[in-house]
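These are the structures in question, set out in turn.
There are two complexes below, and they share chain A, which is joined by chain B in the first and by chain C in the second.
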Partner chain A sequence: MKGKHLVEICIKLLFIMMGIVICMPVFFVITGSVMGSYDLEECLAPVFREGQGFVTWKLIPDYPTIEHYGKLLFQTPQFFVLFWNSMRMTGLILAGQLLVGVPAAWAFAVYQVRGSRLLFGLYIVLMLMPFQVTMLSSYLVLSRLSLLNTQLAVILPAVFSTFPIFLTYGGFRELPAELFEAARIDGAGELYIFLRIGLPLGKGGMLSAFVLGFLEYWNMLEQPLAFLEDQALWPLSLYLPQISWTQAGFAFCASVIMLLPAVFVFIIGQDYLEQGIVYAGLKG
Partner chain B sequence: MRRSSAIYRRKRRAFAGFLFCSLSGVTVFVLLPFLDVIKRSLTTAVTGDFIGGVNYRRVFENQAFRLAVQNTLRFTGVCIPLLVILGLAVALPLSRLRETELIKSLYLFPLALPTATVVIVWRMFFYAADFESLVVSYIWRNLGYTVVLWVAGIKGIPGEILEAARVDGAGRLQSLLRVELPNLKGSFYTIVVLSFLNSFKIYREAYLVAGSYPKQEIYLLQHLFNNWFVNLELDKLAAAAVCVGGVLFVGIMLLQYFWDRER
Partner chain C sequence: MEEKERNKKYRIWIKAFAAFLVFMWLCTVISKSIYVSGLPRVQTKQTERKYIEHIVEAEGIIIEGGEQAVNTLPGLRVQKIYAKKGDRVEVGDVLFQIDTADLRSMIADQEAAIHQMNYQLADLEFNQTLAEQNKEINRLWAEEDYESADRRTAVDVERAEAAVQEAQRALDAHLQEGFPMTSEEDRRMAEEKYTTWAARLKSLQDAITQQERVVEELERQLAEGKKLPTLSGTAESKAEEEAGNAETSEDNEESEEPEDKKEGNDTEDSDDKKEENSVRDSEDKREGNGGEDSDDAGDDTETIADELEAARQELTRLEKELEAHYRNAVEKPDFSLEDSGYKLWQQETENLRKAVQNAEYARQDAVAARNSALQQEARDVANSLVPDRLDSSVEQLRLQLAEMQKELSTYYALLKCDGKVTSVSGGTVTNILISTGGRTSDTAALLLTEDETPCQFRLTITKEQKKYINIGDSVDVTLANDGTKISLTVDYLTESTAGMGYYDLYMELPQGVGQPGIVGSVSQSVQGELRGCCVPIDALYSENDRYCVYVVKEKEGILGTELYVERIDVKVLDKNERYAALEEGALSSEDKIITYATEPIKRGDTVRYME
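Showing the complex of A and B:
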């Protein structure tokens, strides 16, 4: 029995070590953000020479410094504009999805009427279509509504994405139908049942959709790349990679700051994230 | 059977009410414009004259399109089986351990990292931006949820079935092959669908590391769509969107068919 226990601990340690290797890139970014310009230049020399030799990297820099953070936070107001762009677009998309998607998920989860299966099938198909297939359609609508090169061009199509509906649906499906029947017999209206029973009890699915949605839209690239020409409207996710290697310290700091909200949501929303992944796997 | 009872009518009304916003949005932003795309794929870009399948022929004869289709198929053909098998290889021992929250968090963590912030690390190590580096970064990002799904599937197998197999004298391997794997078909479909959905997002890494015109071996359909879009070659883009959309539609339908038959 004792031997079995030991084996278990060893396997666990192995898994944890693999996990730490997987998370390595974060440590690299953090280290880079506190390295001095001279250190950075030395370490990144192979990159400048276009792939001769290998990058050497230290986990703890010899002379840690926060000079780049200072420069980023106090001398580059543009950075805040882009950070705010990311926040605003992500926030509005999630709010819109909540307003539109939650009732839709409720409709699919609770009411089995003629045609509802077919519509749900349509929603699944739409959920699985990659951006590239719907890019031209979105472009045509957005140009007709003269929304191109405004942030609404990114926000509106995302609000009607069917992916969060699927996750929220998973949460509502877990509720027993008898509960609603009982409420109906007691004379409750359908809206009342949704607001007073569905929303509080089906929170899990909604929070899953929120966590997965935040990580997705905080990271969005395809939509702003296609529909936003004006750099001042860009989200951070599109702007960051444009910073050149000559400003490496700045780029690392900006990366760390961009990481923070995502890591924050990941940590507080971990259980819902995992739940959401499992919901995404449930089907009708 | 006539289902015109008051309750049914009430449910139908509620269904329509709750779905209204979403369905009108989907109609305006996706369905109607896609009909427009189909129309455009059959007409000339400038004058709008009907030209039948000419755009489609131009797309199929296009060298860049062929290359992109080939590369995309190769990428998904390599990545999805690799991800599914790796995920299972991690999940099988992991599902037998207790208190695995920390391990799962570590594996899921890449999902939370914005591509823009890891690209800077990718550019340090993978400046080659070749096929292999795309595969590595895809597996790196997607392994976590694959493991979570497999573990959820394995834990969902009723204990009695495994117990029964053991009583009948099945060994470890036999029980895995004959009992566990057949019970995991649902998880398998889910994982394949989600990994496929996410395989299109590898464009983020590819684009941010290597731009619009990367090495030939990683020129994907996503690059092609984006470049045609930027160059306003909308007639070809329409035909290509209809083709790719159509192929995916058939694929999804087949998958749903098998999925439903499985139950």
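Showing the complex of A and C:
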């Protein structure tokens, strides 16, 4: 009994340690955002001296300061331009996926049409392809459509992404078919069934898709870099690499601010995220 | 319940997220407003085509056209000055008064000085006369010395010439007399003759000696009744040899001898040849007879006797010849006396030549001495004729005296006026150079303007303005006192004493216009060329003697299209206070040139337009 208790404690300690280690980068970012130039230079000296020696860090800075936050929030309008670019693109992508992906997932989940399984399989294959594989073909298509150097070049391909369909499909698959039959018998139309029965009951999958989609599109890097030339159209994820190492404190501060929306979304959608992962694990 | 709590949690977090977004929106607005408010605001303008007008605005003053000086004698003490600067005076107005007591004292000093000078003048005149007399005496003495030297040196030269002639005559006589001297040819002939005679004598003597030996031998042989050995052959061969040598020497001399001597030698040669022949004959006989020794002794004795007889005859002949030779003896030529006499004669000749040469040298010396003496005396005469150095001290004294008397008369005139100095013409007093209680100097005491000469307007302009107004240009002058506008022509331009980079222009006013001291102004507009690229002067920046302008250009950034500053170097062709004409090509008509900025700007700065 005692041994079992001890094992449990050890396991818990191990997990706690792993959790700390996993969370360390977040601590660095937060503490680095309130470090002064002197502290940062002292800690990051090996970086400035081209790799000689090891980087050190202080969890409690010697001379903490909020000047970086002041500079970022009140003297850097460029940051906010890109921030709202990110918010706009992410919002439009999620809205588009709601309009396009959810009905598609409903169709795959509820209606057994000839070739639907084949098509769904194709969707899975497309989902597995990394961006680099389809980048060139996407570039050519967007160029032909004159969408290059516009935010639609990033939004439209994301709207028609297959991943949210996959996650939402899992949620809709959990719904009993008898319910739909009963509704049909009662005279409900397909649209009524979708809107009044499907969406409320399948929101778990939808919200998980939204949460994962938000996290993915809030941090996307390759698509804007490839399709957007004007810096005014860039998302916030492309701003951080523009900051030089000599402004490390400012870069940490920008990272913290950029992290916050993702934290909010994650906390709001945490429960549905778990459901989505479960749904993703279930086979159709 | 759980659901409610969960929903409540969701609502809180959603609200927090919404609040975060609102906060971010606020920060966006604030940061952008701070950013924008920090941007320099600019005003821009584009290039224009304009005439660059140059307006020369300057101020000047009327100055007197001419001045006249009021002079008085220097050194007078000023008792009172009646005139002031700017006063208008007429003819006869009292300007200032001299102290009469001091004037009287000066008059007395002047009179004493004049008396002293008169004495000095008298002394100088007397000394001058005395110097002239001494000079005349020196001249006469120099001429006399010259004539005396001429006579004396002429006599010396004559004597020297006579000595030369005498020596030359002696030499000529000596040479004419000459010295009888046997010529070399005669001497050589005499020597040859004697040598021939001596050789012949020797040969005869040798022949006789040999012959005597032969005779003795024959006699001995005869006495002994033996054949003569070949001893006679030896004697003969020797005689032949000698005869041959004599012939050879005679033959060598034959070509040089005269015919008569040749004949004499031939005679002698023939005698020698005869002797040889006889000796050879006897030898031949002997040799011929040599094979016959054994014939008979009796024949040998006869032969020997014959030979003896022949030898004796030969000997006799030789002796006779010798005697004859002695009789015709040729005396050995001895020219030693002649030679010594000739040497003496030559020496005498040399002595006479030297005497002639010495006499010549003496003559030349005499001539040189005469020339030198005459030259020296001539120089002395010339020196005596050289005029004395100019000495104008007498004249100077006379002039000084006149001046002093004139000055004295002026003092008297001034004293008569009670020391008051009046103006001799009308005008305005412009400057007073004397002071009460001080003494007058040799410069002017007062300066007055001349009424006859019109005034001038003096305008001071800068170096930049000088480019647009030159001599001969017409300018409009506005006088300050009554606002009169006059058009004047620039007469003269010079650097101003006001400072570096300033120039004074002088313009003559019409007669009777203006008075010295009145200020005026000039505003002259000069239109330049039409320039295709003109910018406001405020847009022009200069740095290290180079000009540049700043233009606004657009760039794309994170904040979208932004305006930034670009610097363009330009070359200024012309400019005035408002515009600058630039060289075309650097700017286009679409360029927006910054004419005003709320803050200092530099290349690359982000700016915004001013509302």
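Please note the rule applied: the second predicted complex is superposed on the first by the 280 of 284 C-alpha atoms of A that agree within 3 Å, B and C clash if a C-alpha of one lies under 4 Å from a C-alpha of the other, contacts with A are read in each partner's own complex, and residues count from 1 in each chain.
FYI, contacts are C-beta pairs under 8 Å (C-beta built on N, C-alpha and C of every residue); 3 or more make two chains touch, one makes a residue touch a chain.
Not measured: the values here are computed from a predicted model.
Student: Where does A:Gln231 make contact in the superposed view: on chain B (first), on chain C (second), on both, or on neither?
Tutor: Only chain C; A:Gln231 stays clear of chain B.
Student: On the A-aligned overlay, A:Leu260 touches which partner chain: chain B = first, chain C = second, or both, or neither?
Tutor: A:Leu260 sits against chain C, while chain B stays out of touch.
Student: Which holds for A:Phe83: it touches chain B only (first), chain C only (second), both, or neither?
Tutor: Touch status of A:Phe83: second partner only.
Student: Mind telling me which of the two, chain B or chain C, contacts the most residues of chain A?
Tutor: The partner that reaches more residues of chain A in the superposed model: B.
Student: Just checking: does A:Ile268 make contact with chain B only, chain C only, both, or neither of them? Give me first, second, both or neither.
Tutor: After superposing on A, A:Ile268 lies in contact with chain C but is clear of chain B.
Student: Have a look at where A:Val141 lands relative to chain B and chain C in the superposition and call it first, second, both or neither.
Tutor: first
Student: Counting only touches as set out at the top, which of chain B and chain C does A:Gln75 meet: first, second, both, neither?
Tutor: second
Student: Residues on chain A in contact with chain B in one complex and with chain C in the other?
Tutor: 239, 265
Student: Which part of chain C faces chain A closely enough to touch in the complex?
Tutor: 6, 10, 13-14, 16-17, 20-21, 24, 27-28, 30-32, 34-35, 556-560
Student: Taking the complex as given, what residues does chain B use to touch chain A?
Tutor: Touching chain A: residues 3, 8, 10-19, 21-23, 25-26, 28-30, 32-34, 36-37, 40, 90, 93-94, 97, 100, 102-125, 127-128, 140, 143, 145, 148-149, 152, 186-187, 190-191, 193-194, 196-197, 200, 203-204, 207-208, 221-222, 225-226, 229, 234, 237-238, 241, 244-245, 248-249, 252, 256, 259 of chain B.
Student: Under the stated contact criterion, what part of chain A meets chain B in this complex?
Tutor: Within the complex, chain A touches chain B at residues 8, 11-12, 15-16, 19-20, 22-23, 25-26, 28-29, 32, 44, 47, 50-51, 55, 57, 99-101, 103-104, 106-108, 110-114, 116, 119, 121, 123-141, 156-157, 159-160, 162, 165, 190, 194, 215, 218-219, 221-222, 225-226, 236-241, 251-252, 255-256, 258-259, 262-263, 265-266, 270, 273-274, 277-278, 280-281, 283.
Student: Which positions of chain A touch chain C when the two form their complex?
Tutor: Those in contact with chain C are residues 73-84, 87, 230-232, 234, 239, 260-261, 264-265, 267-268, 271.
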